[in-house]
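Quick heads-up: structures coming right below.
Two complexes, one shared chain (chain A), two partners (chain B, chain C).
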Partner chain A sequence: MRTTRRSFLRLVGAGAAAATVRLDAPPAFAQAGHPVKLGVLTIRAGIAAPVGAAGLRGTEWWLERVNRAGGILGRPVQLVVEEESNPKDTVERYRKLVLQDKVEAVLGGISTGVTLALGPVAEDLGTPWLSWDGTTQKGVEETMPNPRWAFKSVDNEVEAIVAGMLTARHFKGIKTVAGIGNDYSYGHDCWQAYQAVLKRYTPDVKFVLELFPKLGVTDFTSHLAAIQQSRADLLMCSFWSGDATIILKQAAAVDLFKTMKGAFTTAGGVHDSLKKNFTPEGLLLGYNTMYFDDPKGSALLKQFVREYKAKYAEYPPYECDHAYFCAESYKAAVEKAAAGSTKWPEKATVVRALEGIEVESLSGRRSWREDHVHMCNFYQGITTHKNPYDFVTIDPVEVVSTKVAMKPAGTKLFDWINSWKI
Partner chain B sequence: MLSGVFHGSILFLVSAGLQVVFGVQKIFNLACGSFYALGAYVGVSAVGWYVGAGGPPALFIAPLAVAGLAVGAVGVPVERGLLRFVYDRDETFQLLLTFAIVLMMEDAIRMTWGTSPRSTSGLYLTYGRVGVLGTTVPVYNLIVIGASLAIAVLIGWLLTRTTFGWIIRASADNREMTEALGVDMRRLHTTVFTLGTALGTLGGALVIPATAAMSEMGIELIVEAFAVVVIGGLGSMRGAFVGALVVGVLRSIAISVYPELEMLLIYLIVIAVLVLRPRGLFGGPPA
Partner chain C sequence: MSGRLVLALALGATVLAPLVAPTYHVLLMLPFMAYAVALLGLNLLFGYTGLVSFGHALFLGVGAYTGAFLTSVFKVRSMEVILVAAAALGALVAAPVGALCVRYVKIYFGMLTLAFGMVFYTFVLKFYRLTGGDEGMPFLRPTLLGRSIEGLPKTDYLAGPYYYYSLAVLVLATLVMWRIVHSPFGLCLKTIRDNPTKAETLGIGVARYRWCAFVISAVYAAVGGALLGPPTGNVDPTLAYWTQSGNIVFMTLLGGFASFFGPVLGAFVFIYLQDWVMSVVPFWRLIFGAILAAIVIAAPGGLAGLWVRRPSVEASSS
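Showing the complex of A and B:
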């Protein structure tokens, strides 16, 4: 056959094209060995930095285990970490993660002030977003009842609801209650929910004082003077950061809890700073969704606590568990969506697989409700000094599921509380 | 009321540091809050070391105060290494630089001491409690109030009765003339800035037995120190003293009487001062 100029050029072109194809490249559909990128949004500056650090540490611990065991569908996992700050900047970083870094999913989000803005963006960009601790609630009302891509944390007010139930159980005869919380949505919503629940159990209870200092205040001596003057039987406090430690220390200095009971709904977030010499026994203390010293805790929890303590010289708080659950449930959903094949599933298939999925997290079994909200247990109990630590722990440990303490999908919080049969 | 005075005493130390630096260097030092946080963390470590080494708990205030003052030496590298480059620049640059120091210090603290709140366990009540005006007050609070008053008197004496004080006041009034008379401004700036820093770090160290150290604790205080300075008058020591007392006590009264007014009341006073006496209660005439 004669080689014409045209057939020669065709041959050269085909050769050049063939030369660009690497012979060792795997078939495109399998993608085995190519890292799968997961975006992580966390807070590393400001008052919530300890919470953000715990979430990131929980995710990194999960990452090491998963990669050691061969990754997800044979692909090693890589994290792309971005900062959660104000809503505007965080939304920009979220876009960057999805559009520029091309992550398969985004994990994280702590402040509801930020995640309220992230929710609609996640829906627009069509990438799964699994929030650690942030919801899409405005106050106590859900703003995204039927999301497709956004998976949200437990309703913010759940720990106050659990504390309300346990106050009625452990502190019978309470007639007057004072409340203190931070002056933003979380503090106000917790106080409202707590009052509504306690009122159901003890209808004649009176709420005699409410104080809402700004987030970040480090001197509560004036607030404590007002609380003492109120002569309430019980103080409810929803502080969750260093302010919980400070108010307990300053309360001890004026012997507040000699005459008053206390319900600290969320102070377990800084549990190892609640030293015995200023945190009395007999307070109700909430640890959110993970109690590091749970006597019934799983082998996974015990291993995590041991390794976390060895690495960071601290005992882990709850955010580790939120974060671990988000990552682990994503892995389980990808494997479920792949249904035995090695082909990486479409994002849309993964979000369908996430709905209702249940996995073992650090705190035990956790799942996603059909409307994309975490389902888990809350741990609260009465403070005790009988432990080998220099800080308080709880005994008994009360475990309350979100099945009883979180408003069902599509209901209004206060209608739901008022419908309880007690 | 006493709780307000206690808060006011700490606020005075930080504001005094702010004032002395502004008086001489004409820099509004946002980093004063960070020095306060640094003092708190160093105080926790110093007391932890002291108790660990078997020191008698009753004397813990000594290592606390010494550590608080000593860490004020950080003012030297900050002034020599950073601030001296912006003395002749626009105020915006000065504010930006001191704000950058705030952010850097916050991260440095987090890297050194971790993210969890740190506290001196148990020492707050070492000196016991006393009943004052029908309420129980930890004796430590009274010691801090006393120490703060003593420092106020000491600063007053330093500024009005010593050569160093005359030089400071002279350079605050007329920098060029002071320099022309042979005062080493370079040295003066370093000394004054270190003095300002040490007041902040001492405030942080002294407050720590009553509270817990958090890396962002300085930010809250900067805002209140602003209010103190506006009320008292920029650059005035007497202003810092009265302003701190006004802010501390009013905040305390508001919390007891009408909690919603806690911050509003302070800013209402700030606005009133700005409208009626823009230079503050003790501010000097405009240059």
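Showing the complex of A and C:
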């Protein structure tokens, strides 16, 4: 038989593919049938692209571990990744994953503006959807209280609630507060929730200024001038992306935090860019649901941080934990639904198994509440320079559970806050 | 192959698609048909009147938000009422905007339309309590021809009744636009495009005709916007953002603004090419942009221009 260029290339390609197969893979993997396909929706462009990248990296780390250990019920897992962008296009990508790629479940979703549209589509298509960071809240109120297929992230305003509680604990004597957040629902909702909580602990506190610059703004000169002029005792800031780093740099240039305290509810999302030379000690800093340097962190967290740093030359932010939890809880639910059998369970059985399930995630034990909302811990603390890094960390580390900082299912946020006995 | 035969085959394939094509591809036809309606209108302004609008997402947004308000606030579910209301509101908004814009041409017209588009975008983004801000508003499932079809799963509803409803609206919009561009009014618009001074000399009210074309194109865009709402089920400000305006201008260029059906072809190729490239590479914007740029460079008259040019080449060679 004559060897043509094309057949030669085909042979080389097949050889290369065969060379990548692990010979020490466990027997279950080797005998497995078709791979189980999981869809992943993640942001890949724009200001939230680093958040999306962290979620995908967390999922890929989980994937490697699971496949090395034989997959789920002996089936290797394969990811089909699509982009989260605007609601219209993301709904189309979601439909593609379910209808065209025939995935068993969809993981991901970060922006609530998008996931509000995804929720009803997930319910219609009858495939489990486990959201990393997106909710189906309109403002601070739930729009899908009894979903069947949609599993949603922790309420958006929880980190502001935790920050309100910790402001009262760590910054006693605060009389006036200024607030700055991005000009979209998250920024406004966090500010409202923070004020409501702080008011409960410190009834005579006054909120003297609120600023809502557009998401993506990089010049805060005029905002900082207004904040200085307000002479507030404390600045609350809910920035979560590179703008947190930028405002801290510009604040350092005008010595803002020499006369003012600061509570950065979510800046831990970009924690390793908060360098010591412009981020002072003594700020309240929130890391959302995972603190990479948690002294009480599990062996799993330490291994993840080590390998993440080795692979990407940076330390992991919280989105990795949301993503890991979603994937791991799906695996646990499939195994629970199979009840010892190797037969792949129906999707409806898997979603029933997901309800209330608890697994070990990177940040510790996490679970799904019965109404399909993440239950987890939030990590915040006071910034310190006493660490081996060139950026700030926190000490003490305050851990607050969603059992105390998230409104219970079926309640209205502000009614719930106002019902607290303090 | 004659144009009529191609058109008949395309229409036949579109009618048969829900019966033979995978559901996902059938659902992708919905934004195609919505954009196609909007592009027929845009091309009356662009291809036939010579005015390039960079703000037509405003009217897509007006149509989509009209549907969202009617279904979720006023509990009006009739798609016919939604389409009529969208068209009326589109015309109402376009009347003053057009009156100001058509006094200018070329880049000044383009920039003014862009400015009005961004004013509307900012309005829907900032008036949170009214429009839902960045979270948008739900566009609940509308009834079609008085039938609620509530029992049908949403996917079946979209791939069945709603698909044929959208197709009927597209066919109707095409017939009406065909009549418009082949009427004396359409001829006047082409005269204005080619030589506004001569048109003025001939007694054609240039500003008035341009304004009429602007309002008609806005009505088409608003109807297209209303059709875009139900498949997503939620309407948000990104529908009215300037990138949407850019996309629809690009679809027109891609298909060819010199041809009546060029923009429709452009919408089809844009949507399916984007879908394919998005699934193949993570950095799809780079690849997609390069492919589109290559198509436009290789075919300045758009994809329809390639097909239309062939007979004249054959004629000259013979």
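Throughout what follows, the second predicted complex is superposed on the first by the 390 of 422 C-alpha atoms of A that agree within 3 Å, B and C clash if a C-alpha of one lies under 4 Å from a C-alpha of the other, contacts with A are read in each partner's own complex, and residues count from 1 in each chain.
Everything below uses one rule, namely that a residue touches a chain if its C-beta (ideal position, glycine included) is under 8 Å from a C-beta of that chain, and two chains touch if they have at least 3 such contacts.
Since we're looking at a predicted model, the values are computed, not measured.
Participant: Do chain B and chain C fit side by side on chain A in the superposed arrangement, or is it a clash?
Facilitator: fit
Participant: May I ask you to decide whether A:249 touches chain B, chain C, both, or neither, giving the answer as first, second, both or neither?
Facilitator: first
Participant: Touching A:99, do we find chain B (first), chain C (second), both, or neither?
Facilitator: Second partner only.
Participant: In the superposed arrangement, which partner chain does A:348 touch: chain B (first), chain C (second), both, or neither?
Facilitator: Neither chain B nor chain C is touched by A:348.
Participant: Going by the contact rule set out at the top, does A:221 touch chain B (first), chain C (second), both, or neither?
Facilitator: first
Participant: Would you sort A:139 into first (chain B), second (chain C), both or neither based on which partner it touches?
Facilitator: A:139 sits against chain C, while chain B stays out of touch.
Participant: A:124 contacts which: chain B (first), chain C (second), both, neither?
Facilitator: The second partner, chain C, only.
Participant: Just chain B (first), just chain C (second), both, or neither: which does A:113 touch?
Facilitator: After superposition on chain A, A:113 lies in contact with chain C alone.
Participant: Where does A:81 make contact in the superposed view: on chain B (first), on chain C (second), on both, or on neither?
Facilitator: Touch partner of A:81: chain C, not chain B.
Participant: Between chain C and chain B, which one touches more residues of chain A when both complexes sit on the common chain A?
Facilitator: The partner that reaches more residues of chain A in the superposed model: B.
Participant: Once chain A of both complexes is superposed, is A:45 in touch with chain B (first), chain C (second), both, or neither?
Facilitator: both
Participant: Just to confirm the value: shortest Cα separation between chain B and chain C in the superposed three-chain model, in whole Å.
Facilitator: After superposing on chain A, chain B and chain C come no closer than 5 Å at C-alpha.
Participant: On chain A, which stretch or stretches are contacted by chain B in one complex as well as by chain C in the other?
Facilitator: Dual-contact residues (chain A): 45.
Participant: How about chain A: which of its residues touch chain B in the complex?
Facilitator: Its residues touching chain B are 45-47, 49-50, 53, 209-214, 216-219, 221-226, 228-229, 241-242, 245-246, 249-250, 252-255, 270, 272-273, 275, 277-278, 312-314, 390.
Participant: Going by the contact rule set out above, which residues of chain C touch chain A in the complex?
Facilitator: 22-25, 27-28, 31, 125-126, 128, 132-136, 138, 153-155, 228, 231-234, 236, 238-239, 275, 278-279, 282-285
Participant: Report the residues of chain B in contact with chain A in the complex, numbered from low to high.
Facilitator: Within the complex, chain B contacts chain A at residues 3-4, 6-7, 10, 103, 106-107, 110, 114-119, 121-122, 124-125, 129, 135-138, 141, 207, 210-217, 219-221, 251-252, 255-256, 259, 262-263.
Participant: Mind pulling up the chain A residues that touch chain C in the complex?
Facilitator: Residues 44-45, 81-83, 86-88, 91-93, 95-96, 99-100, 112-113, 116-117, 120-121, 124-125, 138-139, 183-185, 188 of chain A touch chain C in their complex.
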